[in-house]
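Multiple structures are listed underneath, in structure tokens.
Each of the two complexes below includes chain A, the first together with chain B, the second together with chain C.
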Partner chain A sequence: MPVQKSGNGGLDAILAAVDPKEGTGWHGLARRDALNRLRTMGLPVPRDEYWRFSGPGPLIWPIEGTSPETTRPPVDCTMPLHASAAVRSVFQETDCLRMVFIDGVFSPDRSDDLVMANVDIVPLSEAMALDIHWSRDLFGKLEADGQSPIARPLAALNTAVARNGFVMDVHGQVPKPVCMVYLRETDQSEAIIHSLVKIRKGASVTLLENGPGAARLNSVLEIDVEQNARFDHVRVQGRDHDRVAATHQFVRLARESSFRSFSMTVNGVHTRNETYIALRGDEAKATVAGVCVGDGEFLHDDTVFVLHDAERCESRQVFKKVLGNGSKGVFQGKILVRPGAQKTDGYQISKGLLLDGTSQFLAKPELEIYADDVACSHGSTCGALDEDSLFYLMARGITRSEAQRMLVLAFLEEAIDEIEDLEIAADLRDRLAEWIARHSS
Partner chain B sequence: MLKISDLHVSLEEEQKPILKGVDLELPAGQVHAVMGPNGSGKSTLSYVLAGRDGYDVTAGSVTLDGDDIFELDPDERAVNGLFLAFQYPVEIPGVTNMTFLRTAMNALCKARGEDEVSAADFLRMVRSRARELEIGSDLLKRPLNTGFSGGEKKRNEILQMAVLRPRVCILDETDSGLDIDAMKLVAAGVNRLRNPTRSFLVITHYQRLLDYIEPDVVHVMADGRIVETGGPELALRVEKTGYSRLLKKVA
Partner chain C sequence: MTELDSDFSAREGVDQATVDAVRTVGGAYRYGFSTDIETEYAPKGLNEDIVRHISARNDEPDWMTEWRLAAYRRWVRMSEPRWAMVEYPRIDFQDQYYYAQPKSMAESRPESIDDVDPKLLETYRKLGIPLKEQLVLAGVQGAGETPADGRKVAVDAVFDSVSVGTTFRAELARAGVIFCPISEAIRDHPDLVRRYLGSVVPQSDNFYATLNSAVFSDGSFVYVPPGVRCPMELSTYFRINAENTGQFERTLIIADRGAHVSYLEGCTAPQRDTNQLHAAVVELVAEEDSEIKYSTVQNWYPGDAEGKGGIYNFVTKRADCRGARSKVMWTQVETGSAITWKYPSCILRGHESQGEFYSIAIANNFQQADTGTKMVHLGRNSRSRIVSKGISAGRAQNTYRGLVSMHPRAKNSRNHTQCDSLLIGGNCGAHTVPYIEVRNDSSRVEHEATTSRVDEDQLFYCRQRGMDEEEAVALVVNGFCKEVLQALPMEFAMEAQQLVAISLEGSVG
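Now for the complex of A and B:
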């Protein structure tokens, strides 16, 4: 990894703004380490190997025109969540424990009491003052592990400066999903969220996330799944058109553990979702899947790295992107199988559906295998709506626009199918159908 | 009811003439069979009637109850009562058979200004029609035609016809690839729908199907034209002598 010498004006400004007090407390050392990592790596530049398809610009440029007058109407705290929105929100009908962040800052008033069986949840802002010793072993640690072989400077930046997020300790089967709601209130808000999830032996939890977070979001989620434990994750990245997001998840999987993560992205001008999964224990299973639907000024990048470092593990990557009106989709997915990771079963598929000639899908699938007894497959396709399918539907009386909508949803189905909870899958399907109906002429 | 006059059709891409003056009149309540060797233009005729892209109508006309069907998009033709049972039904993963049927039914109701059928009534109706065709409820839940066997696909076409109840049914080689039992099911499905207002154009390569769906009129198609028209006995003659003898005689 060459040291970035130039183009660090933005970084210097960021580093100058870092509070020297960051260096204290249980997280202090991790933050100092992260700063050093970041100084060595430098901020990403468009010629970096994994930034060629989607430049880092909007993720690191200073947010323009910050002025207090341009704030949005304040969120009315007397209203139930989402009631102000004309469109029904996702997860609205899901029975869950809600934790709300406004422009990246935890809002106790808007949140449920953070009390539920088998889980301890503390906002990071409070946890920093407490001594939660396990978080010391996790904070910035999985992120640091995930910096090689591919650098992820924005995640190091996050570790260095994030003061918000949550710390979740799961020690049994959590009865209801935990739902993070990330509201955006201010036009130029910038949220830096860092969260930790530890799922202890045999425990399980479902984490839902919904909302844009801020005008610009940088989030890191470090997830440690212990033996036989299970983590299910469904994320919806909000409906804001002009928001920008760089997200990272770093996952460590122990023996026979299971991780499933699904992301849905509609709208948002620029999104880069990075996932780093390390299968460290035998017979662990990981699935990361996602759909995005872009219309107009929209760039969506999924960059996934799966490391097989144990025997008989399974990994799946399933990504579907619908792109229209000049939008752009990127998929960079790598499976790395370490020597000795025998009987690895690795699967990866990415597909782009281009609704017109102005949109683009760029894919970079990679396999790197150093064990001899493995089954890995990957595929990537890109194409337009199938004319034969359109004709078949129309020959049964279905209008062209409805047939197109059906086929777009049908295209996404392969990824949605990766969500295990059928009600949540149905909820997402409905949201997608509504969105597609609003955006089709 | 359906009137095809001097229809000339070329492939759009290659300017290659396929249909070279087809004349055929299908009155209400009748079943007409169209037989002919492979490549004679039978599927092209059925696709042009249904409105598929990729063809140029260079001359002639087709009217349904006096209205020019070429003015209409495929979906408009369908809601006007035209139905094509495809020779090769299209697999659509991600859309279940049931969702497809329901969407098609709703489109029909909407175009006709009728109320939608309630979900429960519709399900009951589809189940009973499916039972007649020995289509199990698992097939209704599966993605449309995806991984269906050849016979299942063809029976599923007839199910759609039985649910949507069109006025003009075009069956393009629905019998090909079917064993005798499946063919009997398909034929029974067609016969149940026969009535004085509904017409059928049954395209087939073999006479066998016509033992079960008795046609009023048989046409023989060759090289883009109807070369002979007669009663059911024509089909038997074709079966016995083969297309080549027949075509030699015509030429």
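Now for the complex of A and C:
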């Protein structure tokens, strides 16, 4: 299938702004390849099939007066954090190893010592300087694999220019979660983050991510899960209203490995979360789930691609979106089953709950199946809160607004259920309840 | 299931009726014969002169010629759509005949069916299409000689580019219903045609619709006046006979206020090694309180088991539910064609209007089908229902592609979509590409889709009871399609059920 092409307008301007210095280290070749890919693909344009519901505009327009990393004022560690961090931070009470990035740049002062059993974590900026590195085989490779059949130019751009992020090598069971905190401190910051996670045979780790990252964030996370290994991921995309983000996860799963990822998004004018999962080994399992709650100027797009390329694999996609005051929720999910990927079990559900007449839910749940012994299904629904359910609760003495909040939370529950760690799930549930209470009053 | 030899001898206790029934079901494409008839062609290729030639052939008024030319001029600037999941070599649009007509028809238009060239009548007899004004016994086509408890079906028979005859016209006229070839409607009812033609599928709609607007030949025109319930089923039977000839039929059906009409469409073509082009446009207009039921059994020649030959079927079908409480129901059984590219749609403009789409698409061997529907909800309380059953076998690719759109002012609207795919064998593909766009909170949209293969347990159960594997698969598949088969008018349901079995022939084992 041909890779979709789009216009090249503006690409040079962007490249000039981010200054793609040719890398000389182990990542240099990957960066040159990525740049070539990007030039062939061009930047996304609104008429591209995969951008029809959420135009790429805010993700590629120049941010005035920015140039990442260079003009950023020095960080004063004593100054109060931006509004996003003023509220009690998510995962604050979780016992974990913290790594803090401010406007996309690793901050050793605010981070814990990056020392923990069974895992080696190094900021990308440091890893790049190392002579020989295992990440040579991963950096930009999974991203390149994920460019077909649908082009993801923003991810190629990321590989070509990113200087920040982390590199994580997991070689056993990691005792505590690793938590990435992405803070935003300047109004017009732009961050490009590229991270690699390698989970070796039989190893396992939980990665938590929290925070907006920057005024505009472009992130790529490449995750290689080896045989029998396990990766759990919970991400909370900062409660920062003006935030613009394009995030990408590229995942490769080997035999009998497992991958679970959950994202929670409240606020943010424009978010596009792309996930590309390749089930390459037999009996691998992947789950990707998400909830988003939008109020007002809010666009949230989940674009998921699951490739079944081995036998007896399972995949699940569960997405719930609550949309009010003119916000827009988008879901584009696809399951592709290659010839020979027999006994595939693929499941996908996307549901939109519209709280008023100005909000929108746009979905494109796709199946493309080339093997016969499979059970694949998808469902997609959209509607308002059920009047009968509201009536039932109100008949029991619950006020209308309280009943509405209960039903909204109940609606989101199916996706939250996909989080395996019950404490984290409970924490996120509480936060959603608080947020909904604040916004429904 | 191979064709039964003539010296086939039935086991003891098997009666002749069973043998005959098996004989009809068996055998590959039943309509692959061609009629040896003198045909007059317009010169090969397409240019403004050809468009004028087609227009002149139909004695069209100037406005119609201009309308066609405008479409042609637009078409030359357009490019072929490539977004569908179908692959085929580039079509040379200059290497086609755009107009072919049996010579006997060219010399003098027959006054009645009795004047039609007997060879043509014989063709339709062989196809099982009753061109005599006779009753049709439900389910058994061509058995009209016994007018038992039959129902009347008026038929318009289109052979290559011309209509050879329309039955029951007088009786329909008494009810006020106009049922005639569109070429005749342009001459006799210009006001109606001018008012409605292109109002649902505009000239500029898409590449194939624009091509059709420029070169369309015959098709049916139906007008049902206010308050009239059409006294019988109307049907058109399309037959492509001439080689290297495209068929570009255009059908326009108008149900005025409170009118009610059921229309059937059937199509076949001879078995040929080369691909042939078929690009039709069907426009339905449903005014207030009216109802149109449009059923298709598409059985164009699908190509042989190696994928050689077959019809390229690029069709634009759309209904405009203009009036309040209007209702349109599309039912299609797509078993033929090498390539199917077809999305019968409903624009639900009227308040409380209703659109339904029932589809069975079967692709076997090297067939490729990309089909589905669009339900565009504009009116308040409008509702739609989509049931799509896709079956892939052999090396075929079968795609459901659809859109359900709820506009902000389509308050309290409803949609339910169900699309199921069945895979028979490991070399075929089944795909689902639905677009769901909801822009108001009071509407409810539900979409569900499943893909699976024929259930082993069900097959085992059938085999245990003595069915061979193909029969068992046909039975299971018929069960899978039941919801759609039930939506078909009785005459078609029987035929469709048999078609399902025939189309899957050779897919097992």
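As a convention for this text, the second predicted complex is superposed on the first by the 402 of 441 C-alpha atoms of A that agree within 3 Å, B and C clash if a C-alpha of one lies under 4 Å from a C-alpha of the other, contacts with A are read in each partner's own complex, and residues count from 1 in each chain.
One rule holds for everything that comes next: a residue touches a chain if its C-beta (ideal position, glycine included) is under 8 Å from a C-beta of that chain, and two chains touch if they have at least 3 such contacts.
What you are looking at is a predicted structure, and each value in this text was computed from that prediction instead of being measured.
Asks: For A:E49, is the partner it touches chain B (first), chain C (second), both, or none of the two (neither)?
Replies: second
Asks: Counting only touches as set out at the top, which of chain B and chain C does A:P365 meet: first, second, both, neither?
Replies: Once the two structures are laid over each other on A, A:P365 reaches chain C alone.
Asks: Look at A:G397 in the shared chain and tell me whether it touches chain B only, chain C only, both, or neither; answer first, second, both or neither.
Replies: Touch status of A:G397: first partner only.
Asks: Who touches more of chain A, chain B or chain C?
Replies: C
Asks: Answer with first, second, both or neither: which of chain B and chain C does A:C382 touch in the superposed model?
Replies: Touch partner of A:C382: chain C, not chain B.
Asks: Regarding the shared-chain residue A:L354, is it in contact with chain B (first), chain C (second), both, or neither?
Replies: The second partner, chain C, only.
Asks: For A:R438, is the partner it touches chain B (first), chain C (second), both, or none of the two (neither)?
Replies: Once the two structures are laid over each other on A, A:R438 reaches no partner at all.
Asks: Which partner does A:Q342 reach: the first (chain B), the second (chain C), both, or neither?
Replies: After superposition on chain A, A:Q342 lies in contact with chain C alone.
Asks: If you lay the two complexes on top of each other, which residues of chain A touch chain B in one and chain C in the other?
Replies: Dual-contact residues (chain A): none.
Asks: List the residues on chain C that touch chain A in their complex, please.
Replies: 83, 408, 411, 421, 423-453
Asks: Which of the residues in chain A end up touching chain B in this complex?
Replies: Listed in rising order, the residues are 386-389, 391-400, 402-403, 406-407, 409-414.
Asks: Under the touch definition given earlier, write down the residues of chain A that touch chain C in their complex.
Replies: 49, 339-340, 342, 352, 354-384
Asks: Which stretch or stretches of chain B touch chain A in the complex?
Replies: 50-53, 73-75, 77-79, 83-84, 86, 89-90, 92-95, 100, 103-104, 107-108, 111, 160, 164
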